[in-house]
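Look for chain A in each of the two complexes below; its partner is chain B in the first and chain C in the second.
Moving on, here comes the complex of A and B:
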(Lines of atoms letter the chains of each structure in order from A and count residues from 1; the text may use other names and numbers.)
(Lines give C-alpha, C1' and ligand atoms only; values in the text may rest on other atoms or scores of the structure.)
Protein backbone atom coordinates (compact mmCIF):
# COMPACT_ATOMS: atom_id res chain seq x y z
CA UNK A 1 0.00 0.00 0.00
CA UNK A 2 1.21 3.45 -0.80
CA UNK A 3 0.24 6.59 1.03
CA UNK A 4 0.07 8.80 -2.07
CA UNK A 5 -1.53 8.29 -5.47
CA UNK A 6 -0.35 9.78 -8.77
CA UNK A 7 -1.64 13.33 -9.31
CA UNK A 8 -1.60 14.19 -5.60
CA UNK A 9 0.45 17.15 -4.41
CA UNK A 10 3.08 16.57 -1.78
CA UNK A 11 5.50 18.65 0.21
CA UNK A 12 9.01 17.41 0.90
CA UNK A 13 9.92 17.46 4.57
CA UNK A 14 12.53 20.04 5.40
CA UNK A 15 14.13 18.09 8.22
CA UNK A 16 17.86 18.30 8.70
CA UNK A 17 18.26 14.60 9.23
CA UNK A 18 21.77 13.59 10.25
CA UNK A 19 23.51 10.88 8.29
CA UNK A 20 23.04 9.61 4.77
CA UNK A 21 19.82 10.59 3.01
CA UNK A 22 18.89 10.47 -0.67
CA UNK A 23 16.79 13.63 -0.52
CA UNK A 24 18.82 16.60 -1.76
CA UNK A 25 18.60 19.96 -0.04
CA UNK A 26 17.18 21.75 -3.08
CA UNK A 27 13.82 19.94 -2.89
CA UNK A 28 13.38 20.16 0.89
CA UNK A 29 10.28 22.14 1.83
CA UNK A 30 9.16 22.31 -1.82
CA UNK A 31 5.82 21.23 -3.18
CA UNK A 32 5.51 18.91 -6.14
CA UNK A 33 3.21 16.31 -7.60
CA UNK A 34 3.31 12.52 -7.52
CA UNK A 35 3.96 11.48 -11.11
CA UNK A 36 4.36 7.77 -10.56
CA UNK A 37 5.18 4.98 -8.14
CA UNK A 38 8.53 3.37 -8.82
CA UNK A 39 8.02 0.38 -6.53
CA UNK A 40 9.27 -0.49 -3.08
CA UNK A 41 12.96 -0.47 -2.24
CA UNK A 42 15.21 -1.03 0.73
CA UNK A 43 15.78 2.08 2.84
CA UNK A 44 19.17 3.61 1.91
CA UNK A 45 19.28 5.45 5.23
CA UNK A 46 19.60 2.03 6.91
CA UNK A 47 21.69 0.31 4.22
CA UNK A 48 24.26 3.11 4.49
CA UNK A 49 25.14 1.94 8.01
CA UNK A 50 25.15 -1.78 7.37
CA UNK A 51 21.46 -2.22 8.23
CA UNK A 52 19.04 -4.51 6.43
CA UNK A 53 17.15 -1.65 4.77
CA UNK A 54 13.91 -3.36 5.72
CA UNK A 55 11.02 -2.77 5.59
CA UNK A 56 11.11 -1.70 1.97
CA UNK A 57 9.67 1.75 1.37
CA UNK A 58 7.57 3.07 -1.50
CA UNK A 59 9.61 5.23 -3.88
CA UNK A 60 7.80 7.90 -5.88
CA UNK A 61 8.63 9.84 -9.01
CA UNK A 62 7.85 13.40 -7.94
CA UNK A 63 7.60 16.31 -10.38
CA UNK A 64 8.41 19.92 -9.51
CA UNK A 65 8.14 23.11 -11.50
CA UNK A 66 11.66 24.47 -11.91
CA UNK A 67 10.32 27.91 -10.96
CA UNK A 68 9.20 26.47 -7.63
CA UNK A 69 12.71 25.15 -6.94
CA UNK A 70 14.97 27.99 -7.99
CA UNK A 71 14.50 31.59 -6.97
CA UNK A 72 14.48 33.85 -10.01
CA UNK A 73 14.28 30.92 -12.44
CA UNK A 74 14.45 32.43 -15.94
CA UNK A 75 13.41 29.41 -18.02
CA UNK A 76 9.99 28.41 -19.30
CA UNK A 77 7.14 28.23 -16.80
CA UNK A 78 6.48 24.61 -17.76
CA UNK A 79 10.06 23.47 -17.17
CA UNK A 80 9.97 20.57 -14.76
CA UNK A 81 12.32 18.49 -12.65
CA UNK A 82 11.58 14.87 -11.79
CA UNK A 83 13.22 13.11 -8.87
CA UNK A 84 12.70 9.84 -7.01
CA UNK A 85 11.83 10.35 -3.34
CA UNK A 86 11.03 7.88 -0.58
CA UNK A 87 7.62 8.00 1.08
CA UNK A 88 8.83 9.04 4.54
CA UNK A 89 10.16 12.30 3.09
CA UNK A 90 6.73 13.33 1.79
CA UNK A 91 3.67 14.83 3.42
CA UNK A 92 0.35 15.97 1.95
CA UNK A 93 0.59 19.46 0.46
CA UNK A 94 -1.99 22.12 1.16
CA UNK A 95 -1.41 24.41 -1.75
CA UNK A 96 -1.72 23.56 -5.44
CA UNK A 97 1.73 23.39 -6.94
CA UNK A 98 0.80 23.25 -10.60
CA UNK B 1 23.35 22.96 7.99
CA UNK B 2 23.75 21.31 4.61
CA UNK B 3 26.86 19.24 4.22
CA UNK B 4 29.52 19.67 1.54
CA UNK B 5 28.26 17.02 -0.89
CA UNK B 6 24.73 18.46 -1.02
CA UNK B 7 25.41 21.74 -2.80
CA UNK B 8 23.31 21.28 -5.97
CA UNK B 9 21.68 24.58 -6.86
CA UNK B 10 23.24 26.63 -4.08
CA UNK B 11 24.13 30.11 -5.40
CA UNK B 12 27.79 29.83 -4.43
CA UNK B 13 28.26 26.32 -5.83
CA UNK B 14 29.61 27.79 -9.08
CA UNK B 15 29.20 26.35 -12.56
CA UNK B 16 29.49 22.62 -13.18
CA UNK B 17 32.86 21.61 -14.59
CA UNK B 18 31.87 19.80 -17.78
CA UNK B 19 35.40 19.13 -19.00
CA UNK B 20 35.84 15.58 -20.18
CA UNK B 21 39.01 13.54 -19.92
CA UNK B 22 40.21 10.14 -21.00
CA UNK B 23 39.45 7.69 -18.19
CA UNK B 24 42.77 6.79 -16.55
CA UNK B 25 43.77 3.22 -15.72
CA UNK B 26 43.75 3.94 -11.97
CA UNK B 27 40.20 5.27 -12.28
CA UNK B 28 39.06 2.05 -13.97
CA UNK B 29 40.78 0.11 -11.21
CA UNK B 30 39.08 2.22 -8.52
CA UNK B 31 35.73 1.51 -10.17
CA UNK B 32 36.45 -2.22 -10.51
CA UNK B 33 37.55 -2.62 -6.89
CA UNK B 34 34.48 -0.80 -5.62
CA UNK B 35 32.08 -2.82 -7.77
CA UNK B 36 33.63 -6.17 -6.89
CA UNK B 37 33.48 -5.39 -3.15
CA UNK B 38 29.74 -4.73 -3.63
CA UNK B 39 29.25 -7.94 -5.63
CA UNK B 40 31.02 -9.96 -2.97
CA UNK B 41 28.79 -8.45 -0.28
CA UNK B 42 31.64 -6.69 1.53
CA UNK B 43 29.89 -3.32 1.33
CA UNK B 44 26.89 -1.64 -0.27
CA UNK B 45 26.58 1.31 -2.61
CA UNK B 46 24.75 3.15 0.17
CA UNK B 47 27.62 2.59 2.61
CA UNK B 48 30.01 3.84 -0.06
CA UNK B 49 27.96 7.00 -0.59
CA UNK B 50 27.76 7.54 3.16
CA UNK B 51 31.55 7.17 3.44
CA UNK B 52 32.10 9.68 0.60
CA UNK B 53 29.79 12.12 2.35
CA UNK B 54 31.73 11.68 5.59
CA UNK B 55 34.92 13.13 4.07
CA UNK B 56 35.90 16.44 5.63
CA UNK B 57 34.95 19.55 3.66
CA UNK B 58 38.46 20.52 2.55
CA UNK B 59 39.38 16.95 1.66
CA UNK B 60 36.10 16.51 -0.24
CA UNK B 61 36.77 19.61 -2.31
CA UNK B 62 40.39 18.71 -3.06
CA UNK B 63 39.74 15.15 -4.17
CA UNK B 64 38.54 14.20 -7.64
CA UNK B 65 35.61 11.88 -8.27
CA UNK B 66 37.46 8.55 -8.15
CA UNK B 67 39.82 9.80 -5.46
CA UNK B 68 36.74 10.18 -3.29
CA UNK B 69 35.71 6.65 -4.24
CA UNK B 70 39.10 5.31 -3.14
CA UNK B 71 39.07 7.31 0.11
CA UNK B 72 35.57 5.97 0.88
CA UNK B 73 36.54 2.38 0.08
CA UNK B 74 39.54 2.72 2.42
CA UNK B 75 37.31 4.07 5.19
CA UNK B 76 34.91 1.15 4.83
CA UNK B 77 37.63 -1.52 4.70
CA UNK B 78 39.12 -0.12 7.92
CA UNK B 79 35.68 0.25 9.53
CA UNK B 80 34.93 -3.40 8.73
CA UNK B 81 38.28 -4.59 10.13
CA UNK B 82 39.34 -6.01 6.76
CA UNK B 83 42.43 -3.82 6.50
CA UNK B 84 44.11 -1.48 8.95
CA UNK B 85 45.11 2.07 8.11
CA UNK B 86 48.74 1.04 8.72
CA UNK B 87 48.51 -1.83 6.23
CA UNK B 88 47.08 0.50 3.58
CA UNK B 89 49.74 3.15 4.20
CA UNK B 90 52.58 0.59 4.18
CA UNK B 91 51.33 -0.87 0.89
CA UNK B 92 51.03 2.60 -0.63
CA UNK B 93 54.66 3.35 0.27
CA UNK B 94 55.77 -0.02 -1.11
CA UNK B 95 53.96 0.57 -4.41
CA UNK B 96 55.25 4.10 -4.69
CA UNK B 97 58.83 2.89 -4.25
CA UNK B 98 58.42 0.09 -6.76
CA UNK B 99 57.22 2.59 -9.39
CA UNK B 100 60.17 4.97 -8.99
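Moving on, here comes the complex of A and C:
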Protein backbone atom coordinates (compact mmCIF):
# COMPACT_ATOMS: atom_id res chain seq x y z
CA UNK A 1 0.00 0.00 0.00
CA UNK A 2 2.74 2.42 0.89
CA UNK A 3 5.42 3.37 -1.56
CA UNK A 4 8.29 3.52 0.94
CA UNK A 5 9.38 1.11 3.64
CA UNK A 6 11.03 2.06 6.90
CA UNK A 7 14.80 2.31 6.53
CA UNK A 8 14.86 3.51 2.94
CA UNK A 9 16.24 6.90 2.03
CA UNK A 10 14.03 9.50 0.44
CA UNK A 11 14.45 12.94 -1.00
CA UNK A 12 11.88 15.65 -0.32
CA UNK A 13 10.58 17.26 -3.49
CA UNK A 14 11.62 20.86 -4.04
CA UNK A 15 8.32 21.89 -5.62
CA UNK A 16 7.07 25.38 -4.98
CA UNK A 17 3.43 24.80 -4.27
CA UNK A 18 1.18 27.66 -3.26
CA UNK A 19 -1.46 27.32 -0.57
CA UNK A 20 -1.77 25.26 2.58
CA UNK A 21 1.25 22.99 2.27
CA UNK A 22 2.50 21.03 5.27
CA UNK A 23 6.02 20.53 3.93
CA UNK A 24 8.29 23.28 5.26
CA UNK A 25 10.93 24.77 2.96
CA UNK A 26 13.85 23.73 5.13
CA UNK A 27 13.45 20.04 4.27
CA UNK A 28 12.82 20.53 0.56
CA UNK A 29 15.54 18.95 -1.56
CA UNK A 30 17.00 17.22 1.51
CA UNK A 31 17.61 13.52 1.92
CA UNK A 32 16.35 11.67 4.96
CA UNK A 33 15.31 8.22 6.05
CA UNK A 34 11.86 6.72 6.52
CA UNK A 35 11.61 6.07 10.27
CA UNK A 36 8.05 4.89 10.33
CA UNK A 37 4.61 5.08 8.80
CA UNK A 38 2.14 7.19 10.78
CA UNK A 39 -0.95 6.00 8.97
CA UNK A 40 -3.15 7.45 6.26
CA UNK A 41 -4.64 10.92 6.58
CA UNK A 42 -6.74 13.26 4.51
CA UNK A 43 -4.74 15.56 2.27
CA UNK A 44 -4.43 18.93 4.02
CA UNK A 45 -3.71 20.66 0.72
CA UNK A 46 -7.29 19.87 -0.30
CA UNK A 47 -8.98 19.98 3.12
CA UNK A 48 -7.85 23.56 3.70
CA UNK A 49 -9.93 24.72 0.75
CA UNK A 50 -13.12 22.86 1.52
CA UNK A 51 -12.07 19.76 -0.43
CA UNK A 52 -12.71 16.22 0.74
CA UNK A 53 -9.02 15.50 1.32
CA UNK A 54 -9.59 12.14 -0.33
CA UNK A 55 -8.00 9.82 -1.14
CA UNK A 56 -6.15 9.63 2.14
CA UNK A 57 -2.39 9.80 1.83
CA UNK A 58 0.25 7.77 3.65
CA UNK A 59 2.09 9.93 6.16
CA UNK A 60 5.70 9.06 6.94
CA UNK A 61 7.93 9.96 9.81
CA UNK A 62 11.14 11.02 8.10
CA UNK A 63 14.41 11.49 9.97
CA UNK A 64 17.20 13.83 8.92
CA UNK A 65 20.66 14.45 10.28
CA UNK A 66 20.73 18.04 11.48
CA UNK A 67 24.12 18.38 9.77
CA UNK A 68 22.39 17.66 6.46
CA UNK A 69 19.77 20.36 7.03
CA UNK A 70 21.78 23.30 8.27
CA UNK A 71 25.16 24.55 7.20
CA UNK A 72 27.42 24.94 10.23
CA UNK A 73 24.99 23.17 12.57
CA UNK A 74 26.30 23.50 16.13
CA UNK A 75 25.67 20.19 17.82
CA UNK A 76 26.43 16.50 17.58
CA UNK A 77 26.76 14.69 14.27
CA UNK A 78 24.02 12.38 15.56
CA UNK A 79 21.54 15.15 16.34
CA UNK A 80 18.43 14.50 14.33
CA UNK A 81 15.24 16.12 13.17
CA UNK A 82 12.06 14.15 12.64
CA UNK A 83 9.14 15.42 10.63
CA UNK A 84 5.95 13.93 9.22
CA UNK A 85 5.63 14.19 5.45
CA UNK A 86 2.91 13.03 3.05
CA UNK A 87 3.83 10.53 0.38
CA UNK A 88 3.49 12.81 -2.63
CA UNK A 89 6.29 14.99 -1.30
CA UNK A 90 8.79 12.13 -1.27
CA UNK A 91 10.83 10.45 -3.98
CA UNK A 92 13.45 7.71 -3.80
CA UNK A 93 16.89 9.08 -2.95
CA UNK A 94 19.97 8.20 -4.89
CA UNK A 95 22.07 6.18 -2.51
CA UNK A 96 24.08 9.02 -1.10
CA UNK A 97 22.83 8.22 2.35
CA UNK A 98 24.77 7.83 5.53
CA UNK B 1 9.32 63.72 41.49
CA UNK B 2 10.70 60.64 43.11
CA UNK B 3 9.01 58.39 40.62
CA UNK B 4 10.67 59.82 37.53
CA UNK B 5 13.16 57.04 37.06
CA UNK B 6 10.62 54.32 37.53
CA UNK B 7 8.24 56.05 35.21
CA UNK B 8 10.98 56.15 32.59
CA UNK B 9 11.47 52.43 32.94
CA UNK B 10 7.81 51.87 32.79
CA UNK B 11 7.56 53.95 29.63
CA UNK B 12 10.29 51.92 27.99
CA UNK B 13 8.47 48.73 28.71
CA UNK B 14 5.21 50.24 27.64
CA UNK B 15 6.61 51.17 24.24
CA UNK B 16 7.94 47.67 23.71
CA UNK B 17 4.50 46.35 24.45
CA UNK B 18 2.68 48.66 22.08
CA UNK B 19 3.32 46.83 18.84
CA UNK B 20 2.39 43.26 19.85
CA UNK B 21 -0.71 44.61 21.55
CA UNK B 22 -1.74 46.51 18.44
CA UNK B 23 -1.17 43.39 16.35
CA UNK B 24 -3.16 41.29 18.78
CA UNK B 25 -6.01 43.77 18.54
CA UNK B 26 -5.85 43.65 14.78
CA UNK B 27 -5.91 39.85 14.63
CA UNK B 28 -8.51 39.61 17.37
CA UNK B 29 -10.71 41.93 15.36
CA UNK B 30 -10.12 39.97 12.20
CA UNK B 31 -10.92 36.67 13.95
CA UNK B 32 -14.15 38.16 15.31
CA UNK B 33 -15.09 39.30 11.81
CA UNK B 34 -14.40 35.84 10.37
CA UNK B 35 -16.40 34.27 13.18
CA UNK B 36 -19.34 36.56 12.40
CA UNK B 37 -19.19 35.60 8.73
CA UNK B 38 -19.02 31.87 9.48
CA UNK B 39 -22.00 32.15 11.79
CA UNK B 40 -23.91 34.23 9.24
CA UNK B 41 -23.25 31.63 6.54
CA UNK B 42 -24.33 28.83 8.85
CA UNK B 43 -20.93 27.09 8.91
CA UNK B 44 -20.66 27.44 12.69
CA UNK B 45 -22.85 28.53 15.52
CA UNK B 46 -21.83 30.71 18.45
CA UNK B 47 -22.51 27.67 20.58
CA UNK B 48 -19.93 25.62 18.59
CA UNK B 49 -17.31 28.28 19.25
CA UNK B 50 -18.15 28.49 22.94
CA UNK B 51 -18.10 24.73 23.30
CA UNK B 52 -14.71 24.45 21.61
CA UNK B 53 -13.23 27.08 23.92
CA UNK B 54 -14.69 25.25 26.89
CA UNK B 55 -13.23 21.97 25.58
CA UNK B 56 -9.76 23.47 25.31
CA UNK B 57 -9.94 25.20 28.67
CA UNK B 58 -10.88 21.91 30.32
CA UNK B 59 -7.51 20.44 29.24
CA UNK B 60 -4.23 21.22 30.89
CA UNK B 61 -0.63 20.05 31.28
CA UNK B 62 -1.82 18.27 34.43
CA UNK B 63 -3.18 15.55 32.13
CA UNK B 64 0.26 14.98 30.64
CA UNK B 65 1.81 15.02 34.11
CA UNK B 66 -0.54 12.25 35.26
CA UNK B 67 0.32 10.14 32.21
CA UNK B 68 4.06 10.58 32.74
CA UNK B 69 3.90 9.86 36.47
CA UNK B 70 1.93 6.67 35.80
CA UNK B 71 4.53 5.64 33.19
CA UNK B 72 7.30 6.19 35.74
CA UNK B 73 5.73 3.82 38.25
CA UNK B 74 4.06 1.29 35.95
CA UNK B 75 6.19 -0.32 33.18
CA UNK B 76 3.13 -1.75 31.45
CA UNK B 77 1.51 1.67 31.25
CA UNK B 78 4.78 3.09 29.93
CA UNK B 79 4.74 0.55 27.10
CA UNK B 80 1.18 1.55 26.29
CA UNK B 81 2.01 5.27 26.44
CA UNK B 82 4.90 4.83 23.99
CA UNK B 83 2.97 2.58 21.62
CA UNK B 84 -0.53 4.08 21.78
CA UNK B 85 -0.72 7.47 23.47
CA UNK B 86 -4.44 7.86 22.76
CA UNK B 87 -5.23 4.60 24.54
CA UNK B 88 -2.93 5.58 27.41
CA UNK B 89 -4.80 8.87 27.76
CA UNK B 90 -8.15 7.06 27.70
CA UNK B 91 -6.98 4.73 30.45
CA UNK B 92 -6.65 7.75 32.76
CA UNK B 93 -10.00 9.11 31.67
CA UNK B 94 -8.53 11.71 29.32
CA UNK B 95 -10.50 11.94 26.10
CA UNK B 96 -8.03 12.46 23.26
CA UNK B 97 -10.24 10.93 20.60
CA UNK B 98 -10.46 12.65 17.25
CA UNK B 99 -8.74 12.46 13.88
CA UNK B 100 -5.37 13.62 15.17
CA UNK B 101 -2.75 11.08 16.28
CA UNK B 102 -0.69 11.41 19.45
CA UNK B 103 2.80 10.09 19.94
CA UNK B 104 4.92 10.17 23.08
CA UNK B 105 8.68 10.20 22.64
CA UNK B 106 10.91 8.96 25.43
CA UNK B 107 13.93 10.78 26.80
CA UNK B 108 16.75 8.43 27.75
CA UNK B 109 20.34 8.93 28.90
CA UNK B 110 21.24 8.78 25.17
CA UNK B 111 18.61 11.03 23.58
CA UNK B 112 16.72 14.18 24.51
CA UNK B 113 13.56 15.07 22.59
CA UNK B 114 12.26 18.54 21.80
CA UNK B 115 8.87 19.37 20.26
CA UNK B 116 8.13 22.23 17.90
CA UNK B 117 5.71 23.11 15.12
CA UNK B 118 7.59 25.22 12.61
CA UNK B 119 4.56 25.84 10.38
CA UNK B 120 2.11 27.03 13.00
CA UNK B 121 1.34 25.89 16.54
CA UNK B 122 0.42 22.20 16.42
CA UNK B 123 0.39 20.88 19.96
CA UNK B 124 -1.30 17.97 21.76
CA UNK B 125 -4.20 20.25 22.70
CA UNK B 126 -6.69 17.46 23.39
CA UNK B 127 -4.40 16.33 26.21
CA UNK B 128 -2.46 19.43 27.34
CA UNK B 129 -4.80 22.25 26.39
CA UNK B 130 -3.51 25.37 24.71
CA UNK B 131 0.21 25.83 24.08
CA UNK B 132 2.16 28.59 25.82
CA UNK B 133 2.58 31.83 23.85
CA UNK B 134 6.31 31.32 23.34
CA UNK B 135 5.60 27.99 21.62
CA UNK B 136 3.70 29.93 18.96
CA UNK B 137 6.36 32.65 18.62
CA UNK B 138 8.30 32.98 15.38
CA UNK B 139 11.48 32.98 17.46
CA UNK B 140 10.90 29.55 19.00
CA UNK B 141 9.43 27.99 15.88
CA UNK B 142 12.34 28.99 13.68
CA UNK B 143 15.20 28.51 16.13
CA UNK B 144 14.15 25.23 17.78
CA UNK B 145 14.98 23.37 14.57
CA UNK B 146 18.16 25.25 13.65
CA UNK B 147 19.80 25.54 17.06
CA UNK B 148 17.86 23.38 19.51
CA UNK B 149 20.71 23.20 22.01
CA UNK B 150 21.02 26.99 22.19
CA UNK B 151 17.25 27.36 22.58
CA UNK B 152 17.07 24.84 25.42
CA UNK B 153 20.01 26.58 27.10
CA UNK B 154 17.98 29.78 27.12
CA UNK B 155 15.32 27.86 29.01
CA UNK B 156 18.02 26.80 31.47
CA UNK B 157 18.47 23.29 30.12
CA UNK B 158 21.93 22.33 29.01
CA UNK B 159 22.10 19.05 27.09
CA UNK B 160 25.42 17.27 27.66
CA UNK B 161 27.69 16.69 24.67
CA UNK B 162 27.19 12.94 24.91
CA UNK B 163 23.41 13.13 24.59
CA UNK B 164 21.80 13.20 21.16
CA UNK B 165 19.13 15.84 20.50
CA UNK B 166 16.08 14.76 18.51
CA UNK B 167 13.77 17.55 17.37
CA UNK B 168 10.22 16.63 16.33
CA UNK B 169 8.53 19.06 13.97
CA UNK B 170 4.80 18.38 14.25
CA UNK B 171 4.08 19.39 10.69
CA UNK B 172 1.11 17.16 9.90
CA UNK B 173 -1.46 14.98 11.69
CA UNK B 174 0.62 13.76 14.63
CA UNK B 175 1.02 15.66 17.90
CA UNK B 176 3.98 14.94 20.12
CA UNK B 177 4.60 14.87 23.84
CA UNK B 178 7.83 14.07 25.71
CA UNK B 179 8.20 11.38 28.38
CA UNK B 180 10.97 12.92 30.49
CA UNK B 181 13.48 10.94 32.53
CA UNK B 182 12.39 10.33 36.10
CA UNK B 183 14.57 12.60 38.25
CA UNK B 184 17.09 11.01 40.60
CA UNK B 185 16.20 11.00 44.28
CA UNK B 186 12.53 10.17 43.68
CA UNK B 187 12.59 6.49 44.58
CA UNK B 188 10.37 6.81 47.62
CA UNK B 189 7.80 9.06 45.95
CA UNK B 190 4.36 7.84 44.99
CA UNK B 191 2.54 8.53 41.75
CA UNK B 192 0.74 11.59 43.03
CA UNK B 193 3.91 13.15 44.40
CA UNK B 194 5.69 12.47 41.13
CA UNK B 195 2.90 14.18 39.20
CA UNK B 196 3.83 17.41 40.95
CA UNK B 197 7.33 17.32 39.45
CA UNK B 198 6.18 17.23 35.84
CA UNK B 199 5.77 20.62 34.24
CA UNK B 200 4.32 21.70 30.93
CA UNK B 201 7.78 22.70 29.71
CA UNK B 202 9.16 19.24 30.52
CA UNK B 203 6.40 17.75 28.33
CA UNK B 204 7.56 19.96 25.44
CA UNK B 205 11.22 19.19 26.11
CA UNK B 206 12.59 22.65 26.92
CA UNK B 207 13.00 21.73 30.54
CA UNK B 208 13.62 18.79 32.84
CA UNK B 209 11.09 17.80 35.52
CA UNK B 210 11.46 19.56 38.86
CA UNK B 211 13.86 18.12 41.39
CA UNK B 212 12.23 16.55 44.44
CA UNK B 213 12.10 18.70 47.55
CA UNK B 214 14.30 17.07 50.13
CA UNK B 215 12.63 16.46 53.42
CA UNK B 216 14.41 15.66 56.64
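By definition in this document, the second predicted complex is superposed on the first by the 97 of 98 C-alpha atoms of A that agree within 3 Å, B and C clash if a C-alpha of one lies under 4 Å from a C-alpha of the other, contacts with A are read in each partner's own complex, and residues count from 1 in each chain.
Just so it is clear, a contact is a pair of C-beta atoms (placed from the backbone, for glycine too) under 8 Å apart; a residue touches a chain by one contact, two chains touch by 3 or more.
What you are looking at is a predicted structure, and each value in this text was computed from that prediction instead of being measured.
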Which superposed partner A:70 touches (first chain B, second chain C, both, neither): both
First, second, both or neither for A:93, with chain B first and chain C second: neither
Chain touching more of chain A, residue-wise (chain B, chain C): C
Touched partner set for A:59, first chain B, second chain C, both or neither: second
Which superposed partner A:16 touches (first chain B, second chain C, both, neither): first
Partner chain(s) touched by A:85 [first = chain B, second = chain C, both, neither]: second
First, second, both or neither for A:44, with chain B first and chain C second: both
Overlap of chain C and chain B interfaces on chain A (superposed complexes): 24, 26, 44, 69-70
Touch list for chain A against partner chain B, complex: 16, 19-20, 24-26, 44, 47-50, 53, 69-70
Residues on chain A engaged by chain C in the complex (per definition of touch): 22-24, 26, 38-39, 41-42, 44, 59, 61, 66, 69-70, 73-76, 78-86
Contact footprint of chain A on chain B as seen in their complex: 1-2, 6-10, 44-47, 49-50, 53
Chain A contact footprint on chain C (complex, rising order): 99, 101, 103, 118-119, 145-150, 161, 164-174
